[in-house]
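Have a look at this one before I ask anything.
Should a chain be cited, it is by its letter among A, B, C and D, assigned in written order, with residues numbered from 1 in that chain.
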Amino acid sequence: MNPISLEALAAEVPDGAMLALPPDNSLPSVALAKALIRRGVRNLRLVGVPVSGFATDILIGAGCVTSVQTSAVSLGEAGFAPRFSAALRAGKIKVIDATCPAIHTMLQAAEKGVPFMPLRGLIGSDILANRPDWKVVPNPFATNGEDPIVLLPALNPDFVCFHALMADEEGNVWVGRRRECATIAHASKRALVTVERVVPGNFLEDERLASGAINATYISGIAIAERGARPVALLDEYGFDGAYVSEYARMARSEEGFAAWCAREVFEQKAQAAE
Amino acid sequence: MNPISLEALAAEVPDGAMLALPPDNSLPSVALAKALIRRGVRNLRLVGVPVSGFATDILIGAGCVTSVQTSAVSLGEAGFAPRFSAALRAGKIKVIDATCPAIHTMLQAAEKGVPFMPLRGLIGSDILANRPDWKVVPNPFATNGEDPIVLLPALNPDFVCFHALMADEEGNVWVGRRRECATIAHASKRALVTVERVVPGNFLEDERLASGAINATYISGIAIAERGARPVALLDEYGFDGAYVSEYARMARSEEGFAAWCAREVFEQKAQAAE
Amino acid sequence: MTEIKLEERITVALAKLILDPSAPPARHIAVGAASPMPAAACWLVKKQGNPVRLSLLHKRSGNPFTEGTRELFDLTGQGRIDLFFLGGGQIDGSANLNLVGTGEWPGMGVRFPGSFGSAFMYFMTPRTILFREEHTPRVFVEKVDNISAPGVSPPGVFRRGTAQALVTGRCVFRFHPDRARFSLESVHPGETVESVRDATGFAFDVAGDVPFTPDPTPEELALLRGPICDEMMETYPEFCTRVFGRKQAA
Amino acid sequence: MTEIKLEERITVALAKLILDPSAPPARHIAVGAASPMPAAACWLVKKQGNPVRLSLLHKRSGNPFTEGTRELFDLTGQGRIDLFFLGGGQIDGSANLNLVGTGEWPGMGVRFPGSFGSAFMYFMTPRTILFREEHTPRVFVEKVDNISAPGVSPPGVFRRGTAQALVTGRCVFRFHPDRARFSLESVHPGETVESVRDATGFAFDVAGDVPFTPDPTPEELALLRGPICDEMMETYPEFCTRVFGRKQAA
């Protein structure tokens, strides 16, 4: 699989797609989120696996998003996600709340090709009360009493985007211990991946690397994006850029501030890079 | 976690335990199976994840086993498993047949702490007809028609034994891509692991090794057993010893032949090693 | 060129079925344990230049899976595996498979190894090609003693596909899920409709003249005995030695 | 020794609750995202020599998980996590937690980040210690606007445990699941039963004289400001700078 350009990768995502994104501690592709903003994608239905962070907030701020299914949206130590909060208040996005293990479970159901999976907990929570797509049934294996348990439907996103450390010549990508990216790739129809670099060889032939690899069979497109997770950390490759996120959090408090940030960090940076 | 001796590790498994074993392509600890025979364990209830091979056949031959839950028992190219077949015919063991993904699914249910998980397929199979512990229910999410689906109960073995390439100073073990060993360890009450060697450091601090590691929190005991998977292959460390298995298959056709093999390969070898 | 081995003929017949233009495309094929002929057939399709992804379950190095053996079943559950192969200790005229054993459950007559993943894969793969070299009435029975995986399912039971065909040491059968019966597609050289009927415990359909299964071409044989044998030596050393005459390394 | 910071007091109170001999043992404790005080309390327990395994969810290097964030929830489902910490934008007198927001669902008044794993962890962990520094009537309400995770469950609903206690910037409450109410266990220096009552929107029980929450000892403070700050700098640089006065590397 030959890498394509970042802009070409972003062009693969049509308006209205259901797009799963990992959170800020698990290899989000901020580079691809910025490219999606430049492409002007609209009506994305985002899924935070299991929570949402920086990439989600900038996509919402840029008007690309119509709904977010997630267990939380936050910028970590930099506080609440400002464009998410503003869009919710303004009624511009629909928020479908979940709880972290429910997001994982729904994706695991899709990964296994079953229509649902059960999950403990949740009963008595208003999350459940606001999820007409979740069902409570008596545990069929209970020996005494009703033992109600929640069943969650399989979730099969149209796309997942994440940032892997590297790809190999065969199109396998390497995410190391962040194996939830593998689960999301298995559960999604298409996986679009940015990487720091492409290396020779085949990760699956290397016993040391195979366990952190995702087989190319799940990968629909790869683009090289150096420092593509930034400001988020990438394994042992680079750290979290707290100052960048803090500045974002400050500027994005207002719509105008976000517009200025976006002009500078999403559009100008790309123009510079293209020179 | 300090390694203990192989015999001490075998002593941890009481008579009657439910013991899960990976198959011949996924890091069985043949060394520990031999030590269990020497210890004289009785009434083991084996689980093949998802099938059973060499270690299961020798444990059955030595009279250690009362039941086997598995999707198949075979010696691969060396043919049918002779002591398994003989014991079944003689009514000495109970065989509980399953299908590979059902074994994985039952363990994944235990891994997630849910009482059951659904699985497609199976309907119309005599496997299902002979599993009173499996249930068929209408899919609660079906929009039209009944859509029957099988529910499998969580399977929570008392022990899992496998052979990892190495352990670190913290008691983490490394299995590389054979990640079903991690799932079995998660699902089992206790994991007893043999390793080729113990190395300095902490796999979880190394992004290259972490994804193939199993956290020490799941591991109850470790023993060093060099070439402990033999005659089975161990990743890129050593290959499959087909001649050894062929000789076993030939000798184990009869009870006397098995006894001679067992005396030589299980008891004498140990005595030699102890000298 | 030495004589054509039966295994080679079966392999080439399997490869032709993989490429059957009337069937849905086989972009990703998985091959289970202990299946050297299906594995060779897949390699033949690939080495002939067809775009196909192969996931060979028992390949030790370069194993395609990173979640252990579970991944094959998950991949299939996701609908990403287009074609799988299954055999059987007994196969009956409705394409029911018995991999468990003869006699009372769980195989108190002759016990076979067991059902493996058949009770799942047979339902969840759009196409299954059945193969069994031994073509005798004890294998091809009117009704299997025990059903590991049923050949067809009632309406309402989730099922993506059924058997496409059955390749044996004597012939190729096509399967018709609408009527749950096999028809005879071709007989191998030396066989006739009658010799096949004598060796088969189940009734099957015959429409018109039944052609011979074509011989492997010299190009196909060269691929099998050269580069394909190279690929398979690690996983199937005994098969490669017996069929392709390749010497094992000491 | 400089003045005792409120965060240090809360941290030490949390550590004492972890070691509470009347509670089931905490052999394996997990700490979620954005929880610097619980993380510091766990480190304090560990650095004091108690045998405990810590799984810190947001540690970047040396992260304990190899299955991604799913593993925390699986571990907890397996019953391997003995103790977890939860906070809340609102907490009420029955220990119901609201992490979603005020006003109409899903937080049309003030939106909080979201429920994270609370709706699962609160049920599946034998012990939960609640913490929230801001102790005001807008946080501690009579009834939460939205329930992320309920404080107690009806009989028959699978639940391994409930809240053990609630530590705030003013006091420590003990929780009684049998009557679904808090009782006042200690007040921090400078507070009284009355000042706590004024700052609390829910009714709670008071039995006899309520002691002061003890000061952290010099040993505890030295551990917090030295080796524990070292452990936490990577994950919580702003917290370490603000509370322990540690300078961040350029």
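Keep this in mind: a residue touches a chain if its C-beta (ideal position, glycine included) is under 8 Å from a C-beta of that chain, and two chains touch if they have at least 3 such contacts.
None of these values were measured; they are calculated from a predicted model.
J.: Count of steps on the shortest touching-chain route from subunit C to subunit D?
T.: Between subunit C and subunit D, the shortest chain-hopping route counts 2.
J.: Touching both subunit B and subunit D: give me those chains, sorted by label.
T.: Common neighbours, subunit B/subunit D: A.
J.: Sort out for me whether A-D or A-C is joined by the greater number of C-beta contact pairs.
T.: By number of C-beta pairs in contact, A-D is the larger.
J.: Could you put a whole-Å number on the gap between the CA centroids of subunit A and subunit B?
T.: Spacing between the chain centres: roughly 36 Å.
J.: Suppose each chain is reduced to the average of its Cα coordinates; what separation in Å results between subunit A and subunit C?
T.: Distance between chain centres: 40 Å.
J.: Using CA atom averages as chain centres, what separation in Å is found between subunit B and subunit C?
T.: 28
J.: Could you list which residues of subunit B touch at least two other chains?
T.: 101, 108, 112-114, 119-120, 147, 149, 177, 179, 210-212, 236
J.: If you look at subunit D, which of its residues touch at least two other chains?
T.: Residue numbers touching two or more other chains: 61, 63, 65-67, 73, 77, 124.
J.: Following the definition at the start, I'd like every touching pair of chains, please.
T.: Per the contact definition above, the touching pairs are A-B, A-C, A-D, B-C, B-D.
J.: How about subunit A: which of its residues touch subunit B in the complex?
T.: It is residues 101, 105, 108, 112-120, 135, 137, 139-142, 147, 149, 151, 153, 175-177, 179, 207-212, 235-236 of subunit A that touch subunit B.
J.: Quick one: which bits of subunit A touch subunit C in the complex? Just the residue numbers, please.
T.: Where subunit A meets subunit C, its residues are 110-114, 182, 186-187, 202, 204-205, 210-215, 217-218.
J.: In the complex of these two chains, what residues of subunit B are touching subunit C?
T.: Against subunit C, subunit B makes touches at 23, 25-26, 50-51, 70-74, 76-77, 80-81, 84-85, 88-89, 95, 97-102, 104, 108, 119-128, 130, 145-149, 177-181, 183, 233, 236, 239-240, 242.
J.: Once bound in the complex, which stretches of subunit C touch subunit A?
T.: 28, 53, 55, 61-67, 73-80, 124
J.: Can you check the complex and tell me which residues of subunit D touch subunit A?
T.: 33-34, 58, 60-61, 63, 65-70, 73, 77, 99-100, 105-108, 111-124, 146-150, 153-154, 156-158, 236-239
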